[in-house]
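Shared chain: chain A. Partners: chain B in the first complex, chain C in the second.
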Partner chain A sequence: MSLIYQIPRPALWWLLLAQGAVILPLMQYLPLWLIAVWAVCVGWRIQVVRGVFDAPKVMVKVPLALTMVVALVLSYGKLFALEPLVALLLLAFLLKLLELQSQRDVLLLLLLGFFVASTQLLFSTSIIAFLYAIISFTFLMAAFMALHTATATHSFWHSLKTSSVITLQAIPLALVLFFIMPRIGSLWTVPLSDGNAKTGFSDSMEPGNISQLSKDYSPAFRVDFTDKKAPVQSSLYWRGLSLSSFDGRRWELPFQDRDDNMRYRRIAQEQRKHNYGWQVEFASYRRKDNSPYIDYQVMMEASFQPWLFALTTASVGAKDVLSTPDYLFLSKRPVSQRFLYQARSYPEFKRQGQSLGPSERYQNTLLPSGSNPRATALAQQWREAGDSDRRVIANAMRLFQREFAYSLQDTLLSELNPVDDFLFSRKRGYCEHFASAFVVLMRAADIPARVVLGYQGGQWNEEEKYLLVSQADAHAWAEVWLPEQGWTRVDPTSAVAPERIELGFRDYIQQSSTANEQNGFAELRQSPLLMQLQMQLDAINYSWQSWVLSYDQDQQMIFFQKVLGGQEHWRIVAVLMGASTFMLALLALWLWWRARPEAPAAELVPWLELEKKLAAGGWIREPGETPQQFSSRVSRQRPDLEVLLERYTKMAYTLLYIPIGSDQHQQLLKDLAGLRNSIRL
Partner chain B sequence: MPSGLNPASKKNPVLQKRDSIKTGWLAAWRRRVRRWALKRRPAQSSFVLDRNNLFIFPTGAGFALLLVIFLMWLLGTNYDNNLVLALAFLLASILISCILHTHASLAGLKIEVSKLQEGFAGDELGAELRLSRQGKRKYHDVRLFWAGQYPKAVTVDQADASYVSLSINAVRRGIIAPPLLCVESRYPLGLLRCWAWLKFDTSVLVYPKPVEAGPLPATASDEGSGDSEPVLLDGAEDFSGFHSYRDGESLKHVSWKHYAQGKGMFVKDFQSYADEQLWVDWNALPGMDREARLQRLCDWLLILADGSQPFGMRLPGQTIAPATGISHRLNCLRALANFEANQLASLSSNYYLEGKL
Partner chain C sequence: MSHLVLQQSIAQLGKVVLGKEPQIKLAMACLLAKGHLLIEDLPGMGKTTLAHALAAVLGLQYQRVQFTSDMLPADLLGISVFDAQNSKFDFHPGPIFTQLMLADEINRSTPKTQSALLEAMEEGQVSIEGETRPLPQPFFVLATQNPVHQSGTFPLPESQLDRFLMRISLGYPSAAAERMLLKGINPRSLLKNLQSTMSLQQLADLQDQAQAIHASDHVLDYVQRLIQFSREYEGFSYGISPRGALALISAAKAWALIEGREHLIPEDVQAVMPAVMEHRLRASSHGAAAEALVDIVLNAVDVIQG
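Now for the complex of A and B:
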C-alpha cells in the first residue's frame, strides 16, 4: 500500500532480463568477452541486492571502466568505426549496472537499452532481428512498468503482459508513421561497419577459394528484372571484378589498385579529366533506338567489398559508384549493408576499331618467368603452328572438353607449378582452376587475357518473379582480348560442364548423374522439399526487403502518388493526422469498452429493478442498508405498500437459492415482475 | 516532480518531508496551475474523475524517452536504416498511446471522503477515502495525497469500493477543511502523469492543542488536582443515587454490593461533590489571550477526564454542567473547539495548495 522509493525488486529482475535480451544478438558482432563483463556486473549487482557485497566504490569503478575502454580500443585498433562505437555504448550499458542507486539510474539504463537494442539492426536487417528487437523493447517496457508501479499487488508477469498489449496496440499507429513520416536521407556521414566477416570471395583468387563457397547458399544479391521474365541461365554472367596480376599461383588486382580508397580516388580523378574511350562509345550506342537492353534492379546483401555486380555491359545508377576502365562498378565505400541499385545492360554492345594500350597489353600478357613451363610450352606450340587467336582459344577449349572433369573435390595442386600440375596430371577441378589455367595458356600464346570473378546464373523464383543469386553461384571465368571485338568472355567451365552453365549451379548439382558422385556434388544435394522451403523463405525475405528495407525517399514519393494521389504537404499532413486519429480512436474505443459498467449478477436483477422503481419515488437505499431494512423503512412511510414490499423482498431472497434457468426460477422471475408492476407509488 | 524520483526524497524519504515552498520557475508555474485549478473547481463531496478534472503531462521519463526517440530517428536516418526508424516510430506510437492508457487509468474513478476524525491541533487526523469504480476496469497504482504530503499508492480492484487511510495535518483549532487532494497515476509505463486536484466540501472539528498549565487552581478544586482518594460516606445525605455503569468509568464508585447480589453493575452518585466540584474555568486564567487560555483549559480537561470525579466547564456565555464519561469529555472538547470559531481566520488558498498555514 505504501510508496516504494527504492528500486522495486521486480524492476531489477526485469532490468536484468531485458539487458540480457538486448545484449544477446549483439554478441554475434562484438567481442565475446563483453558477456563476461556483463556476468560480473550482474553478479555484483545481485550480491549488492542480497546485502553480501558493498556497492563498488569510485576507486574500483573508474579504473574498471577505463580498463574496459582501453581493452576495446586495443582489440579493434581504432575507435571510429561502427563496431567499436557500438561496443563502447554496450560497455556503458553494462557497467552502469554497477551504479544503480536510485530509480533515476534504472531509468537511464532502460532508456539506453532502447538505443542499444536498435543498434543490432545496423548489423542485421532480417525479419528475425527486427522481431527480436521488438521483443527486447517489450522487456524493457516491462522493466519500465515495474519501476513505476508502487503497489506490489501484481504477479511478476503482469508487467510483461501489459507491455506486450501496449506494444501490439501501438503497431498500427507505428505503421502509419513509418509509411507517411517524410524521409529526409542521411544528415551526415557516419562510421560504417568495416565488416570483419567479409562474405563471398575476396579480391584475389587462389585455387580453392571459390569451391569453398559452393556450400554457402546464403544470398549474394537478388535481381528484379523489369520485364519479370525468367532470363536464360547461360547468359547470366554477373561480373564483379577482374584480376590481371598473376604470381604463378594467385590472381590479384594490379599492384597499384590493391588499396580500395586509392583505387577509387584514382579512377574518380581520371574520369573527371576525360571519359574512357569505351564510355564515349557506349554512350553513343545507348542513344541508338534499336540497341537491345535489359533493365533490372539489384538488391545486394552486405559484402563488405566495393564491387557491384552487373551483366555485361551495364550502366548503373547509384550514388558514389564509378565505372572502371574494365567495365566494372566500384562503390566508394564497401557495401556494408543491403544496397539497392538500378542497372541497364546492353548485352550486344561491342567496341569498334580499338586497340589495347601498350601498358594494358603488357599487364594482361604478363606471366612470371619460369613458372608453369609445360603450360607455357604447350601454348607456344599452338602459336608456332600458326594458329590465329581464335584457333588457340578453340584448342584450349577442346583440351578441357576432352580430357578434363568438373569436380568439387579438393585438389591439392603442387606449390611450384600449380597450373602445370592441373593441366597435365590432375585434370579435374572447379571453375577457378579452369579459368586460371585458361588465362595462363592464353597469355603464354601472347593473347591478352584476364580472370573475371563474379556469379553465374541464379535461381528464378517463379512466385515472386525474381532471381536469387547465392554465394554458391560464385564463378570465375576468363576474358580475352580479340582485336576485332575487344574484351570477350570465354568460360572454360562451359567446355567441361556445359550443364553447369545452362542449368545454374543448384540445379546442376541436383541433376548431375550418379557418375559424378565422386566429384563431391552428392553432399551438396538437397531434398527437393528443403529446396522448396528455402525458396519460399527467400521469397518472404525478398518481400521484406522490397517493402520495408528499401522504402526510401523515392519509394515514399511513389507511395504518396499512388495512395494519397499527390505529394503536397497538406495532403501528407492531413493523411498523417487523419490516420493517426483513426488509430488512436480505435484504441480509445477499446479502452472505453474495457471500462464499461459491469452487468449485475442475474439473481440481483429483480432487486435492483425494485430499487430503481423506489428511487423514482424518492426512496434511496443507504449504503450498508440491507434490502429488508430498506423495505421496512419504506413501509413505515407507506403502510399501504407494506404487504407488497415484504412479499417482494422475501421472493427476491428466495431467488438467490434457486438454480438459474430452472422452471421455478423462470416462474419466480415472472411473479416478481408482476408484483413490481402492482406497486403504485 | 515525481515523488519517487525526487532527489530530495532519494536519500531518506522518511525524514525529509516534501518542501512546501519550492523555488524555481517550474515550481512557481506548477503552483500557478494549481491555484487556477482551485479557483476553477468548486468544492464537492464526491468526484468522478473525467475529462473535466484530469490533467495529463509527460513526466521526466517521458521527455527522456522523447529524446531517445529523436536519437533513434537520427541513427535510422543517417544509416538509411528503415528498421531503426520503424523502432523509433514504434516507441513514438507507444508514447502517444500511453496518453490514452494513462488517462484511462484514472478516468471513471469515484472518490469521496468517507471518514474524517476529530483531533487536537497539531496532530495528524485520520482521513479515510472511499474509491469506487464505475465500470469493469481496475485501477492500478493510483496515488493519493493531501497537498504537502507524501503519496500513498493503492489498487482499486474491489467490486464495490476500496478504502484508503490518509491523514491530514490539523493546522489550527476550529473547523477545518482538508487541503486539496491530489489523485495521480503514472500507470502503465510512468511516461506520463495524469492527475487531478480535488477540493472536498467536508470539514472536521479540531480541538485546541493541550498546553501544560500546571495544577488546577484552588478555586477549581478543593482537594488539589483531584487525585486524592474520595471519602465515601455510607448513608450520608451526600449520596444521591445510582446510575448504571458505563464503559470507561472508574471502578472506585461501583456498588460492589449490588454487583455481588447479581443485580448488575451500578455506580454511586454523590450529590455532596457538586458543591466542591472541579471546574475547568475560563476565568482561572486571567491575562492570557483566547487561544492560550483554550489550550490550557484543554490540558486541564484532559487531566480531569482521566480522573473519576465529575467536572464542569465554564466558558464565557457557556457552562457545561459537571459530569463524567466519554461523551461529556467529547462535549467539552467540542465546546473548546467551537469557542468563537467564527472569529478565527479562514483558511487561505495557500493552505489548500500546500497543506500548511
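Now for the complex of A and C:
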C-alpha cells in the first residue's frame, strides 16, 4: 500500500476521541456492554498501530460481528425497534474500527459517526443533548482535519481549533436554514420500545404507586398561562383520568374502558351521533359573555399514555383529542413525543338540574362485597344516623383531620382490606390512601364517588413565567355526586395537610413544619441552591422547547408573515439570496481589509507627493534611485528646477529625523507644501 | 570638528594615493566602523601604498607581512624560545602584535595560516601555546589579495571573507595621476613626510561617533528590504546574513560621519553597499560578477517604500 493512503496517527487519535464523544450519551439508552466492545476494539486497534497485533482476519471478524448481532437481539428480545436498531448502527460503528486500513475507511467511519451522533437526538431533544451533538460534530470535524492535514506539521490540538472555527462558521448558515427550510412533519414515527419507557402514573391506582412518584422531579408538563400571572396553587387540580372500578385494593377504569383504542373509537362514535348533555350545556355556557375562564397552553412531555391534563371543565383545542363523559380528554394515540395544546378552562361551570343515569350511579357506588367491612360499617353508621350527603362528607373529612397524618412512610397497606388497615390501624398515608378510603366511605354511604388521578399544583417559574408540573406533583383526589351540584371535587388530603395544597408539593417539603423526618418528607428536601439551579435549567429547557423545538410549519408561516410580510416563494428566495449576498459581502470586505495596502509612513508623504507631481511631468524615479539621485537627474534636464528640488530633497530628508507632531515638523510640512506648489513643470 | 579631522586625513591620503578618493573614503569608513579591509587588485596598483599611508595618517603602529605559500602560523603570531640563561621560555611576538597590519597577498598562503588570522580579526586576541594574548588597540587588518583566478592562490573561504567588513579594489589610476607617476614624482617618497592627523583618542572618539549616528526607521526599512531581497532573489545561492546586515549599517553610519552628517540617509547605504556586499553574495549560476549582483539588488529594491 502506498504510504500516502496510510492513516496518520493524529487522525486516529482524533477518531478515537470523537468516537468516545459520540458513544457517551447513547449509553443512557443502550446496553452497557457496548462500552466493553468499544474498549476491546480500541485496544486492538492501538496494538495494531503499535505493531504488536496483526489486524484481525476475516475468520475472526465475521464470527465476531455475528455474535454481537445475536447478543443484541438476545438483550432486547427483538430487532425492529428504535433502540435495537440504533444499537446495531453503533455496533457497526465500533466494529469498523477493527477494519481500518486506509484513509478511505477512516472517512467512511467519520461519516457514519455524524449519523450515529445524530441518533442521540431521537432519545432526547433537550438543549443539552443538542449542544452535546454539536460538540461531537466538532470532534468528528477535528478528525477530518487531522486526516487531511497529515503532512502539515501542526500540533495535535490544531485540528480541534480549526474544526471549532468551522463549526462556528456554520452557525449562521444553520440559523438561516432553520428559519427558511420547509418544515416537514415527521413522515413516520419510530416506536420506542415500550415497557419502562412509560413515565408518571399508570391507568390504575393502588396503595404505594403515587407515593413512589414523590421522588421523581422529571417534568410532566409545563403550562404557559396567557395572562402570565402566577395562579393560586390550591386551584390547580390538573385532572387526568377518573377511576371508578374498585376491587377492594386497586382502583381502575371501568372494565369497558380499559382498552384505550376501543374507548376512543366508542366515544368518537357516540359523539358523531349526538353530543353529551353536558357538552351542550357547556357550549351554551361558553357562549355567555360573563363566564370567567382561564386560557393556557400546555406543553406535555411524552407520557406514553393517551390522556391529557387540564383544569376543571376545560375545552382543549387539539387534533384527535376527544372529551369524555367525565370531562376528561383522551387522545387517539398515546402521547409519545412532546405535545403542545391550547386549553381554556371555566372553573365555575356547573350543570343545572342534572341527574345521574342508573348505570352510572351503579358504577360509582359499587363496592366489592365483603371487603373492608369496618369502613363500610362506619359509613353505614353515619348514614343510619340520618345525616345528609354533605354531613357524611363532613364527617369523613373531620375524621381525617383529627386522627390522620400525611406521610410518605408505611405506604404499602395489608393485602386484605387495605382500607380498613389504613382507617383503623395505620392512620397515616399519602394522597392515594386518603382518596381511596374517602371514596370507599362515600360509596358505603351510598353517595356516588370516584377517584381522580392527576397533578396538583406545580412550581411557578418567576423568570420565564410558566408553571412546571413535575411527576412529584402527582396527586389523587375524589369526586362525589351531589344531586344539586353534580360531580364535585373533594380532596381529603386538604383536610389532613392543607399546606400541601396551598403551597404545592415542592414548597410543602421545603417550608412546611408539618413535613418532617417522621413522615418521610424531610428526606426529600433539597438545598435551595440546587433547587434554584434546577429551576433555571428547566427554564432554559422550556425556552428551548417553546422557541426552537416547537417551530413547526405553522410557526414558520407566522414567521414569514411577520418578518417577510408574506409567504410567497419569491420572498423566501429573495431573503435567502439577500442573506448569502450579505454574508459574502462581509467576507469580501474582511478579505479586502486584510489585504489593503498599508498607508505610507507619515514622514514619507511629502516626498511621495513630489514624486506624483514629477511623474505628471514625465519623470519617474527608478526603484534604486535615492531622492537625491532622482532630483539631480531631473535637475540635469530642467536646470531651472535645480535649486528648488535640492532644497526640497534636503528638507524631505530632514523630516525623517524630526519627531512627528513637533512644531518643527509642522513647519517643515508647511514649507514643503509651499515649495511643492512653487515647482512649475 | 571631527569632520574637519576627517577631511584633513582624507586630503593627506589623497596626496599619496592619487585620484582614488572614493576608495580612500571607503577605507576610512571601514576603519571608523572597526572593520577589516580587503583590497583586491592586481599587483602594482598601490595597495601597499594605501595601507602604509593609512597607518601614517592615523598614527598607528604598522607591520607588513608578506604571505607566502610556505608560511606557518607561528611566523605570523610569534613563538616561544627557550632561554637557556633563565631556563624558561621567552615569547617572541610575531608581526601580528601591531595596530595596523598589512597582510599582503593573503591568498598566497595556505588555509592553515589564513585561519590563524581568524581569531585575531574577530576577537582582537590570539591564542598561542595555550595562552591567550590580547592584541594592541586598535587592531586593523588590511589584507590585499590578487584576483582569485591568478595562479598559486588559495581562495579565502566564505567564513573568512565574511570577517572583512569591506572589500574594495583600487583599479587603474586616472590618466592625470598616471602622468604624475610617469613624470617621476613617486608618491611613496611622500610617505615619510606624512603627518599623523589624529591621536589614538581622537580615532576612538570618531569610532564612537560613527556608532552613534542616527538611523531613522525609514532607512532601516530600506536596509531590511535590501537584505530581504537578497534572501528571496533566486539569482543568489544564499542571502545576506545578519552579520552582513550589521556590517552594512555600521559601514553606512561611518560613511555618513565622513560625509559630515549625524544621521543616515539611503545614499549612505547605497555608497557602501558594493564594498560591503560584493564579497558576501554569490550568484547561483556561475559566471555573473559580484558587482553585477549588488547592482541587481540596488536597482530592484525601492528606496522610498516597499
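What we mean here is this: the second predicted complex is superposed on the first by the 407 of 681 C-alpha atoms of A that agree within 3 Å, B and C clash if a C-alpha of one lies under 4 Å from a C-alpha of the other, contacts with A are read in each partner's own complex, and residues count from 1 in each chain.
One rule holds for everything that comes next: a contact is a pair of C-beta atoms (placed from the backbone, for glycine too) under 8 Å apart; a residue touches a chain by one contact, two chains touch by 3 or more.
Model, not experiment: these values are computed from the prediction.
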item	value
Which superposed partner A:622 touches (first chain B, second chain C, both, neither)	second
Which superposed partner A:102 touches (first chain B, second chain C, both, neither)	first
When both partners are placed on the shared chain, which of chain B and chain C touches more of chain A	B
Which of chain B and chain C A:148 touches, first, second, both or neither	first
Which superposed partner A:130 touches (first chain B, second chain C, both, neither)	first
Touching partner for A:668 - first (chain B), second (chain C), both, neither	neither
Shared chain A surface residues [contacts with chain B and with chain C]	none
Residue numbers on chain A that touch chain C, as the complex places them	600-601, 603-604, 607-608, 611, 621-629, 653, 656-657
Chain C residues touching chain A - in the complex, by the definition given at the top	214, 216-219, 263, 265-267, 270, 298-305
Residue ranges of chain B in contact with chain A within the complex	3-5, 7, 9-10, 13, 61, 64-65, 67-68, 71-72, 74-94, 96-98, 100-101, 104, 107-108, 134-137, 140-141, 143, 150-155, 157, 159, 164, 186-191
Chain B partner contacts - residues on chain A that touch it in the complex	1-5, 101-104, 107-108, 111, 114-115, 117-119, 121-122, 125, 129-130, 133-134, 137, 141, 144-145, 147-151, 153-154, 162-163, 166-167, 169-171, 173-174, 177-178, 181, 183-190, 337, 548-552, 580, 584, 587-588, 591, 594-598
